[in-house]
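Each of the next two complexes has chain A plus one other chain: chain B in the first, chain C in the second.
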Partner chain A sequence: MRLLLWRAAFLGAALAAWEVIARPLNPVLYVAPSSVPGAVLRLLSQPDLPPLAEHLGITLRTIAAAYALAVVVGLGLGFVMGFWPLLAQAYEPIIAGLYAVPSVVWYPSLMLLFGLGPASKVAFGFLLGFFPVVLAVLAGMQQTDRHLVTVARSMGASRWAIYWKVMLPAMAGTLASGLRSGLALSTVGVLAGELLGSRAGVGFLINHVYNLLRTPEYVALAVLVAAVVLVIDVAAGRIEARAKQWSG
Partner chain B sequence: MERVTVRVLQGATLAAIGLVWEAASRGGLLDPLFVPPPSAVAAALGPVAALALPRLGETLLKTLAGYAIAVGVGVGLGLVLGAARTPREVVMPYVTALYSLPKILLVPWVVLLLGVRPQAAVLGGALFAVFPILVQVVGGVRDVEPILLTMARAMGTTRWQLYGKVIVPAALPAILASMRVGAVFAFVGVLLTEMFAGIRGMGFLMHQLALAFNAPFLFAATAMISVFSVATVLWLAHWNRRLGAWR
Partner chain C sequence: MRREHIVVRHVTKTYRTPSGPVHAVEDVSFDVYEQEFLTILGPSGCGKSTVLGMLGGLVRPDAGTILIDGAATDGPDPRAVAMVFQDPGLFPWRTALHNVCFGPEVRGVPRRVREEEARRLLEAVGLKGFEHKYPRELSGGMRQRVAIARALALGSPILLMDEPFGALDEQTRLLMGEWLSEIRARARKTIVFVTHSIQEAIALSDRIVVMTARPGRIKDVVPVGLPFPRDLSASAAVALRARLWEQVREESLRAMTEGQG
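For the complex of A and B:
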């Protein structure tokens, strides 16, 4: 309880300090916290700005599409490679190597291939989210205790039963971590793509107000997006913790 | 035997992708304007190298500067926060929150503040790298065996000795791991800031090539930077192991 008070006090002090520093300075460069609520209201009410809810919706749908693709392809390829260890041995190093490449270097190529529309954002979000998912499946399958599988097989369990009853529970924690990282990275991918050039979405909106030098609105949007991302991440963290508990 | 099979499989897959791509692009299945055949990309490697290597050099210098800032702040603050329980518990939730936020949201502000200049890319790189470093160093210092600290204090060590002889050596693997991860983040931050703001460097060059629909050059540049990145990561991992062995 005291800790919570200290934390709140720290946040309050940080905001107050920033307010004092920013007040006398150029408001285009330094946005005082007190001017953010007004900017939020202007974002919601001013007709000269593109509608916020619509663009936020577009971004969330793009993230959902990118993440869904990443999960389906990641789980699919991961399980196929898990079935045939030879494939995993051959392709896991290639996938891990590609994962080591800083992801931004792919984006210009995706922009060229898929244009400035949502397709390039879905592709980038997919690419970023895919790697942690597929690598988590592989790691999870490799970490499953071989003895458990042998015991289950000797008791006459079918291949599917082994997958569902033995391997999945054993790897649930690892898998959930991978799925969570994948979601975070798909989100980053879509947002980065939108900020680097787009015609719709929250990133487009940020660029729009930013180019008008309406910095308080930009800060308000950044805080809003940050809050949405945090909520998603905390929810994913809860699910991950539960999966780890279940997996034991 | 299995090793050979794996190598053959890897080689055959890469060759097959290359051949199918080449055929599809030449045969008109893929528009060569967007997806040039690998042979055209390979032919572009030479001219691109002349164009891109100086830009890559500039980007790496900025990365180095941003990385140095991030290591200084991240490791320094991490050592202090990791060892001080109450401040750590007060501040860390905010650090973790910032760590998990997409740093690209801050890039426009950085550019506004510092202008379309290399300094903005440096700060962008530092911002991307500082949080992963800080979080890992704090974790590493926090997890130093308490008994080591108690023993050292009981023997009357000063604060500096405690850091130099106990905390830093014990947390070294975490510090080195954080610095390795941080290098990649700094590179990403610099590239993204260059792309966003149009600051001269490798990121902006690739962005320009994409907007100019110069697919062979862009793919060749992407291949170059990918090979370079993977080589760097492997090299860093190698050094990490050697430094870890010193302990």
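For the complex of A and C:
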């Protein structure tokens, strides 16, 4: 509760400072916080703008598709590599290396391959979200307490049973961290893709109002995106904390 | 004489390490009789745990044979052999009850049956009411009792215990020893127990196998032959203790001077 108060105090102070600084300046370049609620209302009532709910829906669906792909491929590849240690030894350094490359450099080629539509955004969101997932699987497997595996073996657990009943629960915390990072990065990928060139989605909407110099709406959209992402991440953080506690 | 339950003949194990081969066990032979409590006693790093690991099918000997019920071992066989380790190795994401259920679960025993059996075993190890606690909520002694219940749940006639009370404080250790003696009287198991504690060996065993410092060989096999419950201050126990200490001391000194202790 006290923490919440401190956070609220900081937020309030920041907004107040922003307001005081922005007030006397050009409202197109310096959007005061007080002008944001009005902009939100204008976005929602959309007298002259593309429908917000529809574009938000498109973005969320694109993120969901990109993330689902990242999770399925990431987990699949991670477990295959975990099952055959030689594969992990051969390819983990390559995956880790690719992860370190700023992924934006791939985006133009993805646009060429997949076009301006949602496919290129899904591809980019997938590309960003995939790495933390697969790396978390590999890290989780390496971190599993060997003694627990020995104990399970002494009780007659098969290789599969050791995977499902020992390694998977033991790495749940690490895996949840990877899945959370993957979600955040998939979101970044999709939004960045939309901002870099698209015909639909929140990123498109942001570009649209920005080009019309409707900066209060632009700030309102940015705040909206931040709020949505924050809610998702807080939920993911809760799940991660529970997984960590569970797997001990 | 009772039937030989475990037969160990000329067993040798060498580990390859980056700093050269380590001769853990060399030409070890001994028998364990049915329902006997046999303790392997020796200095740290004498290959006691390696011998136990080989009996449990976790470690493959380089040479020699191990027969259990007359059949050669090939990997872990939880129907014949259960193991308890110094680190209880409880699964932190499972409650006490579900830890005890693990063996029957991977064997495919139906949930109702295995949970009922696990409840019974937890009660037998004095943990009734702790079924739904997680390992982190239990004390060290309680955790080791859960691990023992988990081993008993395999229903095997042989129980291998690798310094099971080594990580516990002195008092808990003594109490756990007394408790194990009681359990043993009821459970009719063949037990092979590894320890470096002479007191523990005298308090619990029918026979004591003394091992040498690395490479681990058998130095002596000592029958205890004292009535239960054991009075460690009785003159026979004191004499036995002196004899064992003499032998273990030699080996510990040798291990120390060779920089292996």
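One rule holds in what follows: the second predicted complex is superposed on the first by the 241 of 248 C-alpha atoms of A that agree within 3 Å, B and C clash if a C-alpha of one lies under 4 Å from a C-alpha of the other, contacts with A are read in each partner's own complex, and residues count from 1 in each chain.
Definition applied: contacts are C-beta pairs under 8 Å (C-beta built on N, C-alpha and C of every residue); 3 or more make two chains touch, one makes a residue touch a chain.
Owing to the predicted nature of the structure, the values given are computational and were not obtained by experimental measurement.
Visitor: Please indicate which partner A:P169 is in contact with in the superposed arrangement: first for chain B, second for chain C, both, or neither.
Guide: A:P169: touches chain C, not chain B.
Visitor: One more residue to check, A:V225. First (chain B), second (chain C), both or neither?
Guide: A:V225: touches chain B, not chain C.
Visitor: If you stack the two complexes on chain A, which partner ends up touching A:A161: first (chain B), second (chain C), both, or neither?
Guide: Second partner only.
Visitor: Please work out whether A:A152 is in contact with chain B alone, chain C alone, both, or neither, and reply first, second, both or neither.
Guide: A:A152 sits against chain C, while chain B stays out of touch.
Visitor: Of the partners chain B and chain C, which touch A:P33 in the superposed model: first, second, both, neither?
Guide: neither
Visitor: Let me test your reading of the model: by the given contact rule, A:G57 touches which partner, first (chain B), second (chain C), both or neither?
Guide: neither
Visitor: Counting residues of chain A touched by each partner, does chain B or chain C come out ahead?
Guide: In the superposed model, B touches more residues of chain A.
Visitor: Hey, what residues of chain A end up touching chain B and chain C alike?
Guide: No residue of chain A touches both chain B and chain C.
Visitor: Spell out the residues on chain C that touch chain A in their complex, using ranges where they run on.
Guide: 56-58, 76-79, 82-83, 85, 87, 89, 91-94, 102-103, 105-107, 134-136, 150, 154
Visitor: Per the contact definition, I'd like the list of chain A residues that touch chain B in the complex.
Guide: 3, 6-7, 10-11, 28-29, 86-87, 89-91, 93-94, 97-98, 100-109, 111-113, 184, 187-188, 191-192, 195-196, 206-207, 210, 215, 218-219, 222, 225-226, 229-230, 233
Visitor: Can you check the complex and tell me which residues of chain B touch chain A?
Guide: 2, 5-6, 9-10, 13, 34-35, 86, 89-91, 93-94, 97, 100-102, 104-109, 112-113, 184, 187-188, 191-192, 195-196, 203, 206-207, 209-211, 213, 215, 218-219, 222, 225-226, 229-230, 233-234
Visitor: Across the complex, what residues on chain A touch chain C?
Guide: Residues 145, 147-148, 150-158, 161, 165-166, 169-170, 172, 246-248.
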